[in-house]
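You will see chain A twice below: alongside chain B first, and alongside chain C after that.
Up next is the complex of A and B:
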């Protein structure tokens, strides 16, 4: 297993290197990071423009900029991915790309973790029930809900869920659900319990939005997998031996049927992190999605490249983890 | 298998514990205390870029709104566009002192101190001048400053009476009608930079101080509010009443500015009590529709601080013919454009008829209508063209038997109003046989700088401080005269606009220049982009919008009162 993991990691290095070249070239060709500065009224002087070009390394050639971005050698100490420096932001020194990425990840992880836990739980429950009651009204109902959630665009789903939260607040005269932000402003004055309630109130609506999109596809996987196992020989044998149905389902069928979902979900986590862009925009969470949107809007080239490289790294890591998990969970798979 | 289970279980418990701890421990901020009493949350619709509003990154309306109430200001524009002095800070009424060189004097309130106890003094004015001087010998690399015409005209700023009297002197022969706007976006505490060991008497030191104030928010205040905790340019800024302020204490003890870029979330958040108002920098029919009919919500719509216009590229061979330019401007129906873009939610909108002044300005003169520009009169346009030797052959306009080449009409991708305007212009021009090919650009700055267009649709922002604008728009040596107008008389007039002694004299020259530009059919003003604001009347009272200032409705936040 260790050899396999090391081999996969070694393969990941050239993949990430190729990704870095592509990311750099695409972002580099996509526009002028100083476009807003050039448009200022009154226009900046030539000295200011020259200083800005030097600050953001725009006075260097493209290959030189790539080298700087990767290694930081020859830079001003604010650039070099391999040194943990993400480059200067066109939004000024107050915006440290590394720090912002770190705080964004923390916010997004909270949302994504809650959504994954909820989506997995619901997908397993719905998939198993659908499989056990195949072609029943319940199966059709759950299938319909799954496809509905799958077909509905996230921005529309988010808006509907937000309206639902508002309706609940207005009907009950409470303010439990919040529609913007991850927390209220004045949290430092709150007790732990108040803070917990505040966090939960902010978390529910975006979590439900994010959860529903993943739940839909995962529940279909779970249903198919469960059906396959329920119709397998060893389950039929267990039933023929008189093992109670509850035990057959819980101990024998479900465990095996969960294996494909675990790997699908591992890869799906990356999809959720990328899909969080829309949800975070709707609910104004300052996570990775918001980070990316703002970076694009402000032509912040190094910030966009950092986000893309982080996404690329997550994809590579997630596929590695999925393969390893498959080997761990399925005794039939052994890596040499 | 048993070990695996235990490991998985431990991992699950660990993840849960981390999440639970993260969710249950409120972060403790070392702030300036206060808050909680009469708190108002206000939306800022874009993030800021730096804490120094003079800098290229920080020079935005959003940063000025965040800093408002923390930085002391000598004066401000009223909603009616009249200049008013801040009598809390300046105890005299500054007036121009005529002499060999123009100068004026501020007398600072002796009680006016920063919240750390240091006096607000001439040093703070001196820093502001050096920052905006644009002189590399005073501040290296132009201080990374977004520049200021007034700053570049100042020869010296000197202090006397322990720094409580400030004398500003312009360079020899220099005049500037907007002299009173010096420091209007706010003064910074120079002593804080000095305490950091920065030498403000050197050009490099000044540049260092520019970055210093840009990179971190102020922890002290020289006005009614002070930042609490760590404000975030792209998140949340909390301002609480400054207990050390020498003037009246504001009724609203806490103002929270929440950056919120998603306009679809504003009204739900308003009705849910999460925010109490906003004065967005961008227009939205959808938001206004949502606001209509809401109880306890007041909203207003008026002409905003920017205007849309169509520019001609004078380097285009076909467009060098003045008759063709006039015909194009005659054929475009600006009232129709106004109605179809903003008219539904702002029925009072009218075409803009001056390049420098909006209709509501005391200096406004209609320089457009007499030329028939914007009238949408295809017959008049064709008549002009026929007189100049053009001929409409079917659907094609021809000159000497050759079709007039198609014109590239460009605008910023994703700008909904400009998309509509472009299509309407395209339709209007087709009536006189001119083909307009609509192209978008993702790089407005680059497209303008390279004059990579035949007709360009974009906007300029405007303030009552108009003195430098005509020079910037039309002077033959201006970097923002993108279409390449080169008329000596215009150059002279825009120079005079900037070098007049009074706003009235300056406006006279600006209007003369605008009339000449209209004669040249160089720029067709279209409309003042409208702006709107809204607030929850069950929370606050006393809110009025102010389109003459970047601060918009926040301009009088210290005068707002809490309801109940």
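Up next is the complex of A and C:
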């Protein structure tokens, strides 16, 4: 298993390299980071422009710039992914892309992790219940909820949930739901426990928004694969052995029925990372979604590229986790 | 739950302490969109301690549903009434917790498909131990030790290592033994085996039946053996119950039912079997028609629509199971019973006296069948001119499939040697059978002959013209002459096309579309179907009828050669006989040549002129059917013939057996020298080391070693087995 993981990680390197080339070219072709400066009235002097171009390495050729971005060799020490430098931001020297990314990711990972866990947990539960009570009222209800959640766009659903939270707070006269930000403003005076409760409270509505689509599609998959397994010969044999039904479901049906979900959920993680941009905007979180939107707005090329590389790495990691999970769940998949 | 009509009540009310399973008036109804489906109606039987009861019937007869109902394994949509008692304890109507205590403890079950019966994510040791731990208060270590012991008892070598393996690491035969071990785990009183060997090859079937026998000896359990294979029943049970359309139609000792059937269905079933132990020339006598729909059962006897001696009474009133006319047995338990109004008329009647050796399908009016039956003589002029011309031949045909690595590079890391140097000749107006177990390369050979896949090396020639050098475009006009009939009549017909479109498609491809309509009618008639049914869709036909449609499609371009890939193996025996007769008639009428690929030696012996026995990509023995079956010289042929169960209780119990051990080795790494040596009974038991060396080092050539036909064994020796 260790050797396998190492080999999978090694395979991830060319994948990430290819991604970096694509990311670089796409961002490079998408616009001029100095467009604002050039359009300034009165026009800045040639020296200023030249200095700005040199500062953002725009005076170099495209291959040279890629090489710089990756290695930082020949740069001013503020560039080179392999050295842990993400490049200069157009938003000035005070804005360190690396630092900003690091603080955004802690916020966002909280949300993404909560959404994945909630979506998986609820999807498995609802899929199993639906399959065991196939064609019952409960099954039809869960099916309806699933399709409803699938059909609604996140930006609209998120706004609706936020409005719902506000409405609840207003009618009850409480501050039960937090609708803005990842934490309250007065974090500094809080004890650890208070901070935890505050964070958890702020997580509720965004998590619901972010997980609904994934939950809906995963629960459909789980229902189908569970049904297939429940009708399988080995579940019948387990029952014929005298194993009580609920043990059969837990021990024999659930584990094999999870295998297909692993594939689906891995692909779904990409969707969640996409969804986080919308969700964070709605609930005004200063996470990766906010970071990305700000970077795009300000034409901050290095920030955009850094963000894209980070999400690419997350996707590669997710698929690695999925492959390892396969091995744990299914002995037919051998890793030498 | 009592029935006034049921005669078996006499037996059950009498105190019979030996009865371990007592089923009384069991009914199972499924609710379906088209109304209630009566799968099982009023089934009653008893099984005594240590006794073996065979339940025989074709697909849809309710034999499996009956046992699933007893085990409480049917879905909730099934309505089960009646009674099933194990050691006096009622099982019908128990809740899950209650029946779980009985299942696996007093009554155990073995299912048909060993490849899907075991959970792929747990070791076999875990799955056996689970059965023990569910019912016994033992430690995990004790359960594991017992699992190893059980694996040893069912004949799995190195049980201490196997116990930690996962199902996918075991062959089908091994997995079925594991399932048997699970069934034995708690010394049950009854073991129900539902088609336990149907999915297995014959040599493996023999091994698994032996393991089942061992399980019975060990546990003293009664066995209920459910099967469609009359041969398996003949050798392994004491009593037989025949099921038809959800009812028991005949019960009795195996001798009574096999030698003196008193229900026309049982008689017909025996008559429709091609038999290894009888003369070859006779035509088979199929039972016309198909079993009735369980949604809409006829009022009278369920078999009446197919029965040649049905009268008005049969259509009006369903006969009850009553004592057969010449029942001699005094013990009620063993008494011969049959559900037929006119059972006494069957005394001394042979199947061919009642059923007609026809090739027509039942949708054709019965008069036509009668007329055809009297016209066609039961004897078939099957001996063909030995000098007839060679149509299709193969020389040193080799096909290796690459095994590739899993990564992105997909490097070639080995080869599956599917076909390893095969030479064949198919002559005009002749049937050549390719026989062998799964994985022996017979289907690959058939595809190579048709050039559907390309050979690694070797030559294929059709009428003197080499096919292996032709491009696909050059090959196309020749495809008219070489047509294929597939195994699965359900998967090989497009469900969205009408029968006319299906049969006309080859003609359209070959530019004969204009005359296709008229030709389709002609073809439908030719294959014994109603020519007016061309506008129907495949799902409106039964399996046998669909296979006839497949044959009509293959015949549409007037081919000279038909490659038949297991054409009857998916059909029930009573239907199979009609299709075999059809193939024989078509050959006589149209002068066709057949390459008949099959694993069923009884069918091959009936239909083929010459036989080539294949094992791991090589021909082991080849010769005329007469010679090969009368004087098999290769140990593998002998083992194959001896593994086929005969549908005759006395012969089956007394015949000499040549048993093959183990499983077929992987074709990716075949044994050196003779490929059969790892399983060869002669190699294992008769040869000394010096003589074994030759087998290990030298692959035997296919030669006539003085037996009149060719075999590939260094030490071939004729053994008479039939």
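To be clear about the criterion, the second predicted complex is superposed on the first by the 311 of 336 C-alpha atoms of A that agree within 3 Å, B and C clash if a C-alpha of one lies under 4 Å from a C-alpha of the other, contacts with A are read in each partner's own complex, and residues count from 1 in each chain.
As a convention for this text, a residue touches a chain if its C-beta (ideal position, glycine included) is under 8 Å from a C-beta of that chain, and two chains touch if they have at least 3 such contacts.
Source: prediction; values computed, not measured.
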- request: Label the relationship between chain B and chain C on chain A in the superposed model as either fit or clash.
  value: fit
- request: Could you look at A:233 and tell me whether it touches chain B, chain C, both or neither (first, second, both, neither)?
  value: second
Query: Which of the two partners, first being chain B and second being chain C, lies in contact with A:163: first, second, both, or neither?
result: first
Message: So in the superposed three-chain picture, is A:175 touching just chain B, just chain C, both, or none of them (first/second/both/neither)?
response: first
Which superposed partner A:242 touches (first chain B, second chain C, both, neither): second
Query: When the two structures are overlaid on chain A, which partner does A:256 contact: first (chain B), second (chain C), both, or neither?
result: second
- prompt: How wide is the angle at the Cα centre of chain A, looking out to the Cα centres of chain B and chain C, in steps of 10 degrees?
  reply: 150
- prompt: Among the partners chain B and chain C, which is in contact with a greater number of residues of chain A?
  reply: B
Task: Would you give the minimum C-alpha distance from chain B to chain C, in Å, for the three-chain superposition?
output: 10
Message: Applying the document's contact rule, which stretches of chain B touch chain A when the two form their complex?
response: 4, 15, 19, 22-29, 31, 35-36, 39, 41, 47, 49-51, 55-59, 134, 136, 141-142, 144-149, 211, 214-216, 229, 233-236, 238, 254, 256, 258, 260-262, 264-265, 268-269, 271-275, 442-446, 448-449, 460-461, 468-469, 472, 478-480
Message: For a test of understanding, state which residues of chain A touch chain C in their complex under the given definition.
response: 11, 232-245, 252, 255-256, 329-332
Query: Along chain C, where are the residues that touch chain A in the complex?
result: 71, 73, 96-97, 100-105, 108-109, 111, 113, 116-123, 130-131, 134-135, 166, 168, 179, 182, 185-186, 408
- line: So, in the complex, the side of chain A touching chain B is made of residues 30-32, 34-45, 47-48, 51-52, 90-95, 100, 106, 110, 113-114, 159, 162-163, 166, 169-170, 175, 177-181, 185-192, 194-196, 199-200, 203, 281-284, 286, 290, 293-294, 298, 328
